[in-house]
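Chain nomenclature is as follows: A, B, C and D, assigned in order of appearance, with residue numbering initiated at 1 for each chain independently.
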């Protein structure tokens, strides 16, 4: 059983907060405040700051602090905040994490080491080293497409049993692995909270036993995810599925951009849609990431229109 | 809409039939007949012959014909049979497929080319070439862990629209990709039947829109999958989930063997369990695959006992 | 020490013989005879039939026999012939290999299993099973880009020590691994002959200790590789390097095609160049492989012209 | 032509300086000074600070500055120093690089972005962004085993033509790609200096056209690499090869550790050997990396003894 205080529990819909930027690539704090408030009033139960959707890898230490400061302030304690400390190794992660907890986030999430060539035993030492140097609950972020290794099931259970790791954000896309993790966690007394990062299969992952979801698309349409999760919680799977299918039609925005990178495409489509809906001021991307062209933006708007999320486009 | 005759429709539980062998690695036709009959009387709606679970890659052309002949004969037309034609390229697949359809199988399933370095356009030509040379409906088998490429969504839809491919057996483990395929197929009028190969998430994949499942574990416990699928079909998701969770505890047999290969472990555990339950005579593996040691077999039996699938072990 | 008869020794330049086809994709035996004779009179010391450059994966069993029959006949015993038996697993490889040795090839080369999920121990069993069922020396073909596993150094040495494998064709592109194999083989008394498949670094690999080379480009320009190897053998490294650099400018033909697959590009460029030089009648590709477009062929001819391998193009 | 000042040219033997640590994992500055002096008096022509061998990923910003400060001071201008700025993205790399150039290093080397999902166009923007924000020549570090993408040839040439990148440290292990880079660079007028990171094939890579080498093993035996490179420069390839083969027998130290990670094994073996030879005080590894056990250390010492690099071991 997970005995963390409620401020450090993350379940239900916990969106990864996008980072609105101005055209000069500086942080648009006004839009960020507005976005945070919109998400919370839409009913999300927590916020994930400085995740991949938040373009955290592209920001300097100072910018990361700036971003978290605004999110904490705009949240005003209404929901708990977990922040990504995405860095190469434990000594560096711990420094980053301490800067973020000093700003008031409630928990930290990090990945296995980047760039290095480590054994599973060293990955365990890594999470233990981070947990031992920070003053907040630690979560593990499993995202092989970026980290290039998957966190083994046995490793997660060992870290959970020892109180090192309190939850997992699973973006591995491996439904079989996730199901096995759910079962093993249940058998161990549920020391871990398990969030899926895959916004297009939330109904299925909820049925499979997920505790919550971290949907990037909630930056565009948060209410739908809240409705979806509520339906799943009360066992109304047909409603959950119908809402998921509606959200998936909106998710088509990420397949509109042509010829761009993964980061430019995914976050780019979210930001274009957020700007189109008036949730943020501009769709600018972090430094060195390409922006969507006008045609791509038009396609994103078309998808939104078809889903009734825009006034009829007058392009 | 799929206008295939009912003998070429595959949905619900369609187990990949294991190939029982004797200690000298010859085919145990008596056990194979018994297995086929057991599966059909357990309520499966079709059979998948010569799949990966059937160890097809390890058999010669003559052995493959032998195996299919027995399966067709034991089936006696009670359910349709789809057979794998697993070979390097279209000219070779077509020859294999014609040998199998001559024995009476109802449909053929094959993968993208093996060993070669092809473009998506060439993979499309490949499926078109096979379909054009055989006299049975063709299915596409998506199994990146073996083929080392994933079949792109657009490719499958193009082949479906042109009547080249009538279904997909998805063993990609990519829940996001599968969900997108379900949605795109629905939008196209359902030209494809979509089977998942992932036996531990059938409830979730059924909720997500799968038409059926190809569970290797059904060789060990077919009735459970039939109950699971029936529950899902009537929208009783809690029962489906409970049955899935029961089956997953049985699936733990594949995590018992230590230090063996993927093929030795997965199929080896199934065969050890089938032999323990008396469904086949021996647990011998195909040529060059290692067999489970006595300890591994004992562990497999323990899992079965805990699930009530064995009389109390008297080891 | 390798005590094989000279007819089963492969060193120096051993080109992988391309398979000339007619426009209807039937085998052009006349061109194949001419090509074989041209290679041998150019000074090559052996022939590699039915390799990747020979498009072997795309041919049926009957076609493979046809091809080898012509190569054997055109060779007339002037140089030894090693033939690829490219198939999924040992039982199937052994059948293919026996068909080829029945036609008179002197040795067989094969890869680790395809499609299957095997352990290193099973890969060793695989090579042992093949060697035990054929009546010719066996070589190992290490080509991870197609087989998706690399043959481990220790495995090759174990198989060599037991007389299972007599040589390695290394197309792994891993210079460090190859150098370690050379050293370990030397320490073991040179049980293996080591051929590199990388035609653009033959000088460097000869300095590193290769016994020979299997250059696809020799189908286009065999004499250069013979000169290069002769220079390396007499320790004239500057001449070897200069010849290599000249050949590499010709190798630029494989970078001319745009947007095609690996197989279409590499073999396609060789065939286009061979046809342009009059070494074969047509540049047709095996079934389901795309052919070079007119622009790509023109670019290939330009590269040849710049290297003085064509009469001035009158396009 | 490369018009950089001689202080920013890196060719010949440029060892990646290991980072000696004390048992408490603090930096052992005395050993580091001694190591730097030893390398320079052995005849190396430059130093590579904060590379993978230097365990840079495991150090904080402050530690990195400490390390570079000592290396710069111990070098005293005798050879140029290039320092690794290993970080996630351009904004963060630029900050790190400025801290290092402020300490007096002569050039900076960095990789493609880590963790992110970028297109080749974005990788180009990345290198341009770094180069535009630092006041020292920039090199590109191609190490796919850590970065999980290979730097494309065309990208390197484009960046070289625009003066963005002045050299490449190639640790891709791709001999074919390296040879093509050498040829393309020569054709472009040699805007890039090309160093290979593969210490076991320096003779072959020198023949192929490398400008120098970054051998981790030089931390253990620098004089050998200097002799090897000098022989290659004067065209004495037989001597170069003999020296390479001698060094490769010493390199066997990295194959002694059993069951450890890549980082623990490689750098661990170097440090164990350096400590055994008295070049540094202790063999401690960076934080969260496992240390070699006593058996592994004994095996490393045995390899050194057999190569005459140790007094007879009195274990």
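Throughout what follows, a contact is a pair of C-beta atoms (placed from the backbone, for glycine too) under 8 Å apart; a residue touches a chain by one contact, two chains touch by 3 or more.
Chain by chain, the UniProt names read as follows: A, B, C, D = Dihydrodipicolinate synthase family protein.
What you are looking at is a predicted structure, and each value in this text was computed from that prediction instead of being measured.
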Notebook entry, point to check: Counting only C-alpha atoms to place each centre, which chain is farthest from chain D?
Noted result: B
Notebook entry, point to check: Between chain A and chain D, what is the gap in Å from one C-alpha centre to the other?
Noted result: 36
Checklist line | Chain centre separation (chain B, chain D; CA means) in Å | finding: 49
Item checked: Sites on chain B at which at least two other chains make contact -> none
Notebook entry, point to check: Quick one: do these chains touch in a line, a ring, a star, all-to-all (complete), or other?
Noted result: ring
Margin query: If we count contacts the way the header does, which residues on chain D are in touch with chain C in the complex?
Written below: 173-176, 179-180, 183, 198, 200-201, 203-205, 207-208, 235, 237-238, 241, 245, 248-249
Note to self: For a test of understanding, state which residues of chain A touch chain D in their complex under the given definition.
What the structure shows: 57-61, 63, 86-92, 95, 111, 113-119, 121-122, 125-126, 129, 145-148, 259-264, 266, 287-290
